[in-house]
């Protein structure tokens, strides 16, 4: 059991949710002045938080063709007009994914998926049961972002089936079979972080496999290993994910998502 | 000496200028509903005349990124804001020369040049004197239009040096050495007409060389041959270029170019 | 010119079975529902559909059993769930499906629009999508190297649909179109088509277009037909005109869960209506349309 | 953010000799004259310039002897004559000149902007331009075939200038730019640059940009520096702001006829002025600028 500081315990007690920890951890992955390609949901909220705190000059792009939106209403998806509001540029795929992402100027790309494996490979598309395929939405910009962003951050709920040894269908390449991005013929830097509701994983090791960066407060090593489909090296002492600061919590709860649309 | 009808003689007498005959002949080369890429000057005036007469649904594009302009003031060149007025689309090269011309949907392309030879090859760029080169403006969209338009119409003043056996520098291919466009690896249909202040030439013959389509009223065969740098087959009787109709003359003189900016 | 103004019925009549149609919607935004409904009424068969991110229009056509092949980047009904009719067809192998990415579709349309028969891209490499595409669709993509740098690329074949259909908020009778909000792949998709049909919410005089020609995303001379149909995208949204109809999308999300229910939906809302005006009456008419009408400042 | 607002002097100081600069003017429209003047004052040498259709800005830089190579489609001063300084340099072999076509430049920039190292085109084939380019610039283009159709193409290398400079009528402090009137190759040229500098006539608050984001041709996050200089393109025109100054262009067309006179021009109007405000005073000041100021409806 990882030891948690008194302050952390107090804050955890004060009811910080896993989503709030995830979104704050995601916000800390972007630096001021960078350009990020985001989806709707936690990544968008994380970027809003980052812009309101340490990264006021962060640029956020939606693949659909929206730059630096400042929505005043909660959007239900990428195609929801609410997310277009007060943008500084409306364009299209060719600009966002082409002249930015493919051009190599996107620093961080946030993606989700059905599965992510130990090499950071992501499956956005289908599941398999006894060899039978069940299709979901497909890649959309997921493969493009995974292939081309300088740093890829995967956001996914933690669970054995969500984090398997190997994805059922490799739609978005990470370090396939532990090979370097160059060997794979890919331009982007590949997976940088996997942020779940239990921990933050990274790939800064020679084997290019997921290793623990930090575990969220209140989670036990046992819980973590039980819910991870691949072996995970646990440093000791176990680093603990920093909780949101009081100001970050205030922004999230009072200004960014008061309706708890994303931060349940 | 070509015979001219009484009516023609009377109209010529009434002072129809060579420019007026040229511009009217050029207007007759476009059909209703077609798309033309034009430059400033006679081609632009010809298209305005065509739109006011037999081709109201003609679309005209300027390579700079202007569609269907209706200028109310005379422009001095392609970059003159006066030519942008009341357009229905402002875009750029990628749209006009790319997504239209290169896409293959431009029916007629008008070009000028320093020289045009018997195969309809055009030199837009330089002259040579005792091996020494003298550079002018260069191709700009000239090579693109000559390479890709379905029908190319060259507008040039008549003269031995303007219409040589072979151009000094082949910037815009016609039927190079009499070869077919397919043999040349080119998509566009190639030269269709050369319209000068003396005659209209065409290429509708097996040798793909310029032949006389019609001679302007008042011009003699002798004058024509003396001013042409390559052999020209003269049919007999010599077809005469139709003069502008009374209505065409009225439009040109009273509505399109009352200031005689182009129609001196 | 006025002769480009056509009814959706006559436009669809002019499209033969087996055509490749590029659709311009994105999930639940600017779907050409009025066009999809008419294609279903006229039972155009054996269609190939291409689209960056599929939405309800494509789900309807696949659900109606009229589609034999899709070339797509992805698709969903956003929070209203997956495109279940399409996913069923992929699960059962009822359709051929070329699944790539949003940018791959945009690049394919760009090449088609520019008249270049292929274009290099750095997506798809090292993925199982690539493995499947290389075997299933060698005429759609293949590996290649840059002649200058030697870098490995995927060469995508230019996509030139038989008909491109784009739903826009504003067009004039000549087909000059403006699009408010993001345009996803619409400009390239439109200009890649051998034929181009636009459905417009508002029909404006050319005079209006001439005020701000830099807004013209699709120049009229490329457009073959202009279909004027207010609320033609319902229940999907048209930014600046109206919001998506959450009630009807929830209803659809229930019906498309099974082929039987989906058929009921089609019988009721498509075959059961003679045209889009009748359809609009059935889904709430003037009162409902007024409820989803866009607020002036926000555009939704 | 405000820290992108820079003086032309500090921007030019940051550009090393030998840089490849893509200029955004077209003949006598939207030339970045304020930028060209400062490059001359600071005597940046051995420059490579690329441009679709060259105008006065490029003629000035070549006339000042600072250019060693040009990659261009064409160029002129419209009815004010040819770009004589450049033509002289081509005649005498004083510069390396890669002469192609307007579309070739646009395609090269497009490839550069998209991050693809080459793009196929059907221009240039069967011309003497092609023959010269194949021998003189094998790293700029070469022949190739479509892997799908076998059709012969010219493969153009993507162009990625060290610095792209675009003169626009409207920008905000973050670098979000609008362009009124035609844009020639500006969007691709801007986004192809490794660095991007914009010169703007009007500096507007971001609030203004957010009213019509579909007009943003260059998104701010790509822009490194914003130079705010009213009449910064004089004597060339900026549609919607002011007309070209025919008097001064006629004067320039006289001076650039010989190297000696051209040098006089540079001494008088460039070296003889500390900055663009001084230059503007010298060419007529407020009264003259008011005479060429655009009329609201016509934009010129």
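A, B, C and D are the chain letters, set down in written order, and residue numbers restart from 1 in every chain.
As a working rule, a residue touches a chain if its C-beta (ideal position, glycine included) is under 8 Å from a C-beta of that chain, and two chains touch if they have at least 3 such contacts.
These numbers were taken from a predicted model, which means no experiment stands behind them.
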- With contacts defined as at the top, give the pair, B-D or B-C, that has more of them. B-D
- Query: If you take the mean of the Cα atoms for each chain, which one ends up farthest from chain A?
  - Reply: B
- Once you find the CA centre of chain B and the CA centre of chain C, what distance in Å lies between them? 41
- Note on the structure: Taking each chain's mean CA coordinate, chain A and chain C are separated, in whole Å, by 30
- Item | chain C residues counted as touching two or more neighbouring chains | 107, 114-116, 121-122, 151, 180-181, 183, 214
- Task: Enumerate the residues of chain B that touch no fewer than two other chains.
- Result: 66, 90-91, 94, 98, 102, 187
- Query: Which word fits how the chains touch one another: line, ring, star, complete or other?
  - Reply: other
- Note on the structure: Those chain pairs meeting the touch criterion are A-C, A-D, B-C, B-D, C-D
- Task: Note which residues of chain B are touching chain D in the complex, please.
- Result: 62-66, 72-73, 76-82, 84-85, 90-94, 97-98, 101-102, 124-125, 132-144, 147-148, 169-173, 176, 184-187
- Message: Looking at the complex, which residues from chain C come into contact with chain B?
- Response: 1, 113-116, 172, 174, 176, 191, 206, 209-210, 213-214, 216, 219-222
- Which residues of chain B touch chain C in their complex? 35, 56-57, 59, 66-68, 70, 86-91, 94-95, 98-100, 102-105, 187
- Item | Residues of chain C defined as touching chain D within the complex | 107, 114-122, 139, 142, 144, 146-149, 151, 153, 155, 157, 179-181, 183, 214-215
- Across the complex, what residues on chain C touch chain A? 26-29, 52-53, 55, 72-76, 78-80, 82-83, 86-87, 90-91, 99-107, 110, 121-129, 151-152, 180-188, 237, 239, 243-244, 294, 298-300
